[in-house]
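Next come two complexes built around subunit A: one with subunit B, the other with subunit C.
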Partner chain A sequence: MSIVKDIPSAKKPLKRAYVGIFLWFTGRAIQAAAKVDKEVKKEFDNLPDDFTFSLGCLPNGPWMVIGKRNGAVKYLGGNPSQHKVHVRLAIKSVDAAFLILSFQESTALATARNRLITDGEVPYALAVIRILDIVEVYLLPKIIAGLAVKRYPKQWSAGRKLGGRIGIYARTILGI
Partner chain B sequence: MNSVPVFAFTCPVKTNSGNKALEHLPVELAGLNACRPLIITSAKAVGRKAVRTLQNAFGDSGMTLGLFDGVTKTADLGLIEHLKNICLEKKYDAIIALGGYDIVDAAKVLNLAVSLDTADAHKLSPETPVRRHLSPLVVVPTAAASGLETSKFAHFSRRIYSSEYLAPNLVVIDPRLTRAADGKTIAATGLAALGRAAESHISADANPFRDAYSFAAIRFVKENLPAAVIKPADKKASLAILNAASMSGCAASDANSARLHKLGQVFYEMQHIPQGVIMGMCLPHVLGDYLQEGINDLASLLLPLVGEDEFSRTPAAKRADAALAVLGRFLADLYGALGKDLPRNLREAGVPGYIMEDILDVLDKDNEGPYLRTVVERIAE
Partner chain C sequence: MLLPDYYEFCCRVKIVAGHDALEKIPELLTERGAKRPLIITDKGVASAGLIDIVSAAQKDRLFADLIADNVPPDSDLRVVNQLAKLYKENDCDAIIAVGGGSVMDTAKGVNIVVSENAEDLMAFSGVGALKRPLKPLIAVPTTAGTGSEVTQVAVIKDHEKHLKMAFGSYFLLPDISVLDSRMTMTMPPLITAMTGMDALSHAVEAYYCLQKNPLSDAHSLAAVRMIYHYLPIVAENPSDRNARLSMAVGACLAGIAFSNSMVGLVHNLGHATGSVCGVPHGICMAIMLPYGLEYNMHKREEAIAGLLLPMAGEAIYRETPPAQRADKVVSLIRQLNADLNTITGGRHARFFKEVKDREGKPLVPREVLPQIARAALSDGASIYNPEDTDYEDNLMVLEAAWEGIPLDRNKIKRG
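Let's turn to the complex of A and B:
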């Protein structure tokens, strides 16, 4: 018998499922927010027409892919290999993704802690981060969103928040 | 700060430290073109929980890990030969050393044997030429570390292998693994780091890059060791001590003066007393002698020890003495907090008299042998 044991790496199904569901929902919410929120729409307007970005975790996913096609923003599923991706935001492990997406670490803090890798143009990546921050503010209650984003927007009116939330949740659930 | 006209400094070690740092390992290994690592450790020394924590960090990576958890203090080149053959047969492409001291030394020598594709590892010696980069080596230190884990040295089978290619590519310091079982373990790690960093910091051939490492190591130990000793499970304090140990190894790699290291190493090799315990005993004597000799800049120790305010309040001519006084008080507090757990001399450490002659014989072979003998005599009782 060898003195060296071979051990296959374990699976983390619960964390992977949480991250997968979160990315799926957020992807659909970004598609919805591009129609509901003017600021998100403006960010996407400034990006090239065939712009595509992905967000997910290394080495084996899950991922979400968002693309701009003929001026409309679409959630393109969870397989980045099927698309030409301009910006890839990769979280180094499913555990790091869980820390970020369960709001134990904000995106800015996770970046500072070297948990994110960005492939692509930095200005485009920053636009993506701004879009994600806005969508998180719409999707999450203030107390949780405050943990997820660098600065919670205080200047937003109650009408924008409430109207935007209803619009984004409705469109996300219906997939329109 | 005075600029040094000519110097060289090398530190090839990347450090990942902090919460969930271990979970970045699969990506870091991929960056080193490795996908099938072999973990080298001692389950007895680091504990089964630490091994499981490291294994779990690879969850969802799809990698298959090799695990050898039987490194002992008596590991020799026969074991290295056996492991080398297994590595080549099973095509492991990276080595991860979990723990400190002999575990990391064995991993460094194994990496040397595997990377050079040595026909017989028994023929490896400190004279073996190492002229190229070796396979990726990752070190994951636990609370019982010597600081030399990050250095270019490997002390194995009473031989000292030295090459900048022996230093690890990556050190991962995770707070889940740095918590100590008792105050003595973390005190020994901290004192070893302090000794190495202090000796590097004051050496006559100091340079600004090395100073940056030694300065931070000294300050980390001064600010965090008392808390870590009182509460060994304190994640923040123990993480800081392991960071200090890691930095002290980088600084020591580059330094020439190593009296404290030599004394710590000989007692570790012959009596398995943690290096920090001996270095703590010798620190006031050796630094005091450096002050007498007047070659080393003892005054430069004061700034990392006390901070900017007290440093600037102390007249330049009194800074060396003040540094020694601060160190003396720091050590006294440490010994006070640990009581009999941390021996103050060789008698309390349980070094038998009949071993002393063997130890002195080994020290006599060193070019500073007569001096080192006087230090051993001073810490005997």
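Let's turn to the complex of A and C:
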């Protein structure tokens, strides 16, 4: 008999499901935003051709993986081990992921509170954070997006907000 | 008061401070079972006679004749590997780093290689890659500025591959920091001024940036009090040994604060200016500090106002209306820069258009400001700044800092 007993972490199925669905939807939304929004496209254009990043929670996920393939940005599913990842944003637990992804804490504040670990080249990681912020502004109503990002972009035109939102939601739902 | 829901704080460095603290080194090494240290330094420190002081302080109590003084101004992977080889060939069992930031970083890199028997230092880069304690490391800072003697990070450059490797781990904290007034006594007023402003920028940014917490705050406030009071004194009277020791302690306190609370826009734009134009880090910090405060004022007015008490004292704090305290802090820092400018005969720059090289040519031409603003987008310090920054924000702040005019706070974008 082993004297060491593994104590599995609590499963927290509801929080895990929320985080999983959020990451799946956001992953597809990033793919969509790279086609719809000029700023997101420019950020990806400045990254290497095979650039791949993952966002998810420790120790067992869920994760989302996004990559540039032949110049196009693709949502690559939820298994980072299948890819060479340049930047990994790892949230320390499902509870912490729920805090961040339910917009009770911004990405910057989560980093400051040691809940989000960033592995990879800093300039790439900063580009990923800027992309995530822009996508959150498109996906969320202003009052919630204001909690998710450091500064809500009030200077965006109504056309950019509305057109971008329609384009990103449509492409995310259709997966194109 | 801003009380974070969660925070972490760690400083397990033993700090030994005094006018004769160096004499304690043999005993400190013996406590750790070490008797054959490798002394790592640079040529500037050695030629200033500081290694002679360190050696003399050991008398016959320590076999400390192995001195490597070839650390370049920028840490270098090749030198790290050379020194690690020297360490192993001579059966050393500890490292004494005597110098500034580059020497400390190099010593930390050497310590990783010799402790982990590493072939490839890159395997240990990033945060949390080190899993066990390293060999004993004693840090002896020769400037009162960087705070590297109490920080858990190191940056080593691979000049051949054009890579900058960053390492972060509690195991990189030196075991002991020895703060001795003799180590900074020969620093000329200009270097004293710029390194002192670097330390002040650590203390101030740590007090208002996103990772601030009550423990880092306590260190920040103590650091601001000491540095603000003693910096002009020591710039004017370089041989004032009490003021020298106070500055060393102030910079150490500031190092503990920012190592646990991080820094923001001042370092963000300062790093970018340094890398684009080659301006010394301390000068960038001195120039940018008032602008960092102004830029973040609408989000951190209460915290910034709180700095007035350690800077100006109780009487001035009380007679300044609460709504004016934060602005007063900014004006006192501008005045400190102006005083240091006077003390150094105009050599301590107050804004970027004043920064010149040895031939008197401007180091920061106005036309490079867009390049600096873009470079700053790749610097990690922006994450911890309370207000968001983008290219236009960076450029706006840089233009004001170049001209030497206060920031027009109505132009700062708000969410």
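In this text, the second predicted complex is superposed on the first by the 167 of 176 C-alpha atoms of A that agree within 3 Å, B and C clash if a C-alpha of one lies under 4 Å from a C-alpha of the other, contacts with A are read in each partner's own complex, and residues count from 1 in each chain.
By definition in this document, a residue touches a chain if its C-beta (ideal position, glycine included) is under 8 Å from a C-beta of that chain, and two chains touch if they have at least 3 such contacts.
In this text the structure is predicted, and so the values were computed from the model without any measurement.
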Which of subunit B and subunit C A:Ile3 touches, first, second, both or neither: first
First (subunit B), second (subunit C), both or neither touched by A:Leu109: second
First (subunit B), second (subunit C), both or neither touched by A:Arg151: second
Which of subunit B and subunit C A:Arg69 touches, first, second, both or neither: neither
First (subunit B), second (subunit C), both or neither touched by A:Lys42: neither
Residues of subunit A at both interfaces, subunit B in one complex, subunit C in the other: 113-115, 117
Of subunit C, residues touching subunit A in the complex: 4-8, 126-128, 166, 209-211, 262, 377-380, 382-384, 387-388, 413-415
Touching residues on subunit A, where the partner in the complex is subunit C: 108-109, 111-115, 117, 119, 122-123, 125-126, 129, 146, 149-155
Touching residues (chain side subunit B, partner subunit A) in the complex: 16, 18-20, 23-24, 26-27, 30, 38, 55-68, 70, 82-83, 86, 90
Interface residues, subunit A side, partner subunit B - complex: 2-12, 15-16, 58-60, 92-96, 99, 113-115, 117
